[in-house]
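Following: one structure in structure tokens, then a few remarks.
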């Protein structure tokens, strides 16, 4: 809930054979992708002639006020892209909001991006020496400059060529005034799905629930390494890179919405299976299974079913956000958790299995255990439906710096003591694989990076080990 | 969730023997009472000499920004009151925010109020004829003018006298520059609890979770008809009106937080019992119990336990608010519900028991049934953990006008057809009493008003029946 | 320019026999009265049934944005009042914005007020003892409570009775849902004029330029001690108090707009005459007459004409406001003046007569003299077109506290040294009388208060002298 | 006043040998340049390491609120540039605010620009074909890309090379993390001056009053075609282009502040001389010379002096801005003028010479003549202290499209009839030259463009004439 890895973006694209309220549809889709990025949002629309972008820091509901929607409602609009962003701190935050657009030899291009390039620095340096200028230190600007650089190739060919040069985990949606393109890196680390509107139009989105809210029917996932675009109303495809599918396991563990289906696997049932496997791997003698709302609900249902221990709503979550406004004093170090969660009286005198999906820093888990004890819980057994996070993600997830990852520097027993639990267990890597049922990237658990690491990080690591 | 009766207010009071960060403590308490009113919030603090009020439309986290908190941080503050409000539409909304303050013969008074007076109009008329002027059409202003009118009585005596003249359901917290008073009508319709700070100070609050977040220990409920105040650091009490306890049943059905205990009865366990009784009164042949999040969770747990049908998270709730920003088109009449809820794949092919706490207009329930059917639910059996709402509340709850109450004009079978359920059942009145286990006001279900009705309403009704 | 007495308010009223865009007309009128108060503005309109008020801190152009104008555009509106305010610092600033409205035995009343009551405290005390409550410490609220108190009298009679009880200098515009009233104290200290719309409607305004912008023809001034109101479309009048006209001289010296005519005397020509008399009373050997823009322009023209010394634009005024944003450092103590004014090269090597209308604290004048010297002025002779301000105003002008008035504690020669001028002269009292040509209040110059002083001030003064 | 050509920008640069409150100094300087651009403002500061830019739409006082100033106050700042902008309407307005910055092979560069390049389109096309991307359609971005393109040259050399390729009228200030550069086109169309701080630092500014407010001493103008920069604390210079000085005459006619001195000639005295010459060229039989405030003041003083007709303040200017808020109705088509100006009673019965500096569309002049007539003026003789504007400016001034220029399509007699004056006369071209006393660009009067025209315009013109 508070101590979670953070997804860096959600992307969206739409093309329609006839004018539609494109801005409204993209707004709906972004609302369904809000959980993938809460700090900035943007929409770009075009009618084949004009192209308008509106973006700012804030939630979708804040950014797209009536003034901005008015500006996006251009006559005859029939295509557009959208973006939600979790942005890291920095000075020119507003400039980092996407879609990013440039005027190039191919006309105006706009781009929305989820993920990271591990060789962005190297490519950027080459472009600079060639006379390019950059507005930001953003990966996305590197990609668009790279595409613009191939001034003599068509947009599709230039994009394919850029895909071949860039390494890492990325799903991208791109548009000019006439068409929309969507692509996924060779490992398909980040999700991207294709939907179809009733009027024959096409939609690209990070997750299936966006399709549903936009009134589009799910068609299929974009394949790892595939570039798709719309031409004469038809969906065209080019398999640019050889597919070596290892989608990010965390999409099923935590990120993706409970009603999503990605690469053919539904998230909520997968979470239930994680809880079931966890109950087999790490049983507990207890009276009550209590989920950490809302992240632990799926796994708690599974744990309860497999163990036969009844589920109860032992933690109340205050739906109002208080994170921005109250400065905790020294005496109230755990205020942030108390503003969000309160133990309900049902835990009094009971042995509780507390189920959550992951632990990053561990501080929040410790405070929740304390809340349950203050409310009279007799024992608190913590069960986590994923393995310990020990390594940083280079493919678009902010897991906190490595030294802040509690599991990177502590054993499971040490973490148990830190959080004050009577027992603690994590789901095994094989348990995750079994519950999801397909090939996945587990780099943050085991340090094996299927889509490569940044050169500078590899060098740093080598130095540290030398 | 969306089709719910709305509580009109939460109130808060604090007195400390020594200076404290009063504004911060009240802010915390109001945050814990945010669910009792989301449209306005206010805080009044004093140090015995200065008295400052800050209030505005908005959530607690919006109203109390750093600028306002700065103004509330007066040197040596040791007492204050607070208010959250669900305000009805109107022109001078900002003026209706509370605490309301006046300068009177007794100095400055500030008041925060939850509930309604059924004879406010009559008393107001008397005061006007006496030369009084009013800023609002608000009940609260009537009470404060009534108190000011007794210019020769002490504040405690004048307040007691006002309690005797006013009829209805009301919990009130009141302060001048030196002390805080708290009172509850003779029926104790609205809740009010007393807590104690570690430094010997006193806290009054609508619900117990506010005490917890403010670091106060629960002492007892204010009794129906009781007036309490702090004098020389001691809690003084006057039993102004004969207690005839009939607290509002809806506090346990829906309003009060899941971690609250009111008049000795915890809410979440009571909700579980309502679900259990409901399962006995209205069993269903089904595969899955699905709560409407978050209002149906308690009763769904009870229903699942008593029936043995497994509980699952069949509806995903989008935690981001989209209510203000999207204008539904004709084709998307149910957009409001779809922005909030989506069915998860687990319901496909299953017979579902959908559990919620109440039905007001019925439209939302119908849309949720439809969501489940679209996701492939084989059958949808709706179970409501309270009786049909047929009558308006005159004690501080906005249930919608009588003719908008679907149960006021339709039979249960007609409602079932309207919402498209395979079966529909409500908990009985005796079921509610049994689950709560104490005397309660059930006026909105049976039209029996223990604390009286407004004269003008009685007359209107008589006319309609004539 | 910066060191000026500040007018506390402008008032406006309008009644039309048929619906008009009342809000827009009042907005125009207030814009023409903006110089009488820049810190808050408000408009109240009615259509005989509904009555809406919008007011806030800020300039007319800031307060009346499209949202507020929309709310004021009620169907069939035919009357309204308006107010601009210079508000003193304090906590509940927004509550002090006018029009002030109350619900009374006479229905809703709204009031807009320019001036001060010298016996407000005494009347307020009587009302409190009678059970009244107040929202503010504002004079205006005392008047409206006094009117409401006479519950059995008609609104006209009750208002006349209040006029008789209140002492001081005040022009007031008042409305209920049907009609508008306007009144002026017995001395007519503050101005108030009557205009007529082409459709037969009536307008009341502090100054004539408001009439012009609203499209109304000037009819006459409201007489000192007169109460006027509209009945059956006709202007009715009651001479409530015996007229002893002594309008405020400062209206002609500085406050009123250069295109205004008050009590039959045009302001700009009066200012020219002040300059002419000043040139006779205090001639100077010089090459150039330089006005302090914009306050000294009229008198500078007069001085130039009577003396034959050519006028030039020796000080450039930056039209952009910089007062709120720059924090002067120690080295730039005179930054505030430098942001506003800069000397032009024409003063180099010249003997300059610097003309302004008044000196309050003297600091600004000193800085302007310095600017001229830095630009090379050979000599600077300061001429002020009013006498030294030595006494506070009790009739609605903020002249600064007595001890801050440089002329209250320093001789003319001492002031000359303070501001670093080669010579300094003020217009004499008889010079002011001669230039204006009618009876005037000169209390701030000579301490003779024609409309009385606050009892508490008289007592304080007696104590200080004892 | 309202019907004036609009200057497009003011620029500013500062370098200090030691840390200074750079942001505050630039803010002061921009405030003094506010008249050169009121729609956007920006500041860039650096300490040799960090470089921060803050810019937005709005006045200097609005853009640089405490939040933005805080961000600009970086530790040890010793250099920076600033910009005020009058921006034309368009979609991405905020992106057009300057300083513009990019990350290039030379590190971060920031640029502030006043003027226009007549061959921007051609150069832009070449850059695009080379793979460059642009954020805007802005001239300034073309220049910075051109500089970045010379990746192997030093910043000074690359800038000099860009100066040689770009044609038109432009003054530019440029910085990287270490130094500040300033340059002026070969004709010196737009002004740029050099000042020195007491600590040995250097300041570059569009006009001298900015130096004064920043505490800098005037050193000299940047010469036409010169590039200057600071190296080891010394001012270095390179005469990149042969100087052919023809500075813009309108700087003396209207744009530059009355206290400015540009290219050795003070503006206010030049305006007085224009009025004097005008009185000789076009005398009038009249009683009063009335300036249009504030633009006509200088020339009116000159006209009054040379003609002996007394000057008076016949038009009152409301200092409050009302342009944004009031929607004029059909009946009030001239409301915009009436909100700003009102005739004072002194004009009644008099023959008036109305003096202004220029006429663009003519509508405003007509309304002012009408105001004077309504106030009783017997005759109105309009005298304009510049020739008729017949041609567009391609060097950074927005004079309105050619067909909107009343003098481009009407004779002087036709304009006289349009504005309803009794007589009308303009200053001659030779009169302007005589009054200013140096070589000037008069392209907007005579169509002779000393710094070239855009190719596309030349072609268009040729077509129109064919």
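Order as written gives the chain letters A, B, C and D; numbering starts at 1 within each chain.
Just so we're on the same page, a contact is a pair of C-beta atoms (placed from the backbone, for glycine too) under 8 Å apart; a residue touches a chain by one contact, two chains touch by 3 or more.
Just so you know, these numbers come straight off a predicted model, no measurement behind them.
A.B. asks: Among the chains, which one keeps its Cα centre farthest from the Cα centre of subunit B?
C.D. replies: Result for the farthest chain: D.
A.B. asks: More C-beta pairs touching across which pair, A-B or A-D?
C.D. replies: Counting C-beta pairs in contact for A-B and A-D gives the edge to A-B.
A.B. asks: Distance between subunit A and subunit D based on Cα centroids, please, to the nearest Å.
C.D. replies: Using C-alpha averages as centres, the distance is 49 Å.
A.B. asks: Need the CA-centroid distance for the pair subunit A / subunit B, whole Å please.
C.D. replies: Roughly 37 Å, centre to centre.
A.B. asks: Can you list the residues of subunit C that touch 2 or more other chains?
C.D. replies: Residues of subunit C touching two or more partner chains: there are none.
A.B. asks: Which bits of subunit C are touching subunit D when the two form their complex?
C.D. replies: Against subunit D, the touching part of subunit C is residues 21, 24, 27-28, 31-32, 34-35, 38, 59-61, 64-65, 209, 212-213, 215, 257-259, 261, 266, 268-269, 272, 294, 297-298, 301, 305, 310-313, 316-322, 324-327, 329, 332, 335, 338-339, 342-346.
A.B. asks: Which part of subunit D faces subunit A closely enough to touch in the complex?
C.D. replies: Residues in contact with subunit A: 52-53, 71, 91-92, 101-105, 109, 128-137, 144-145, 148-151.
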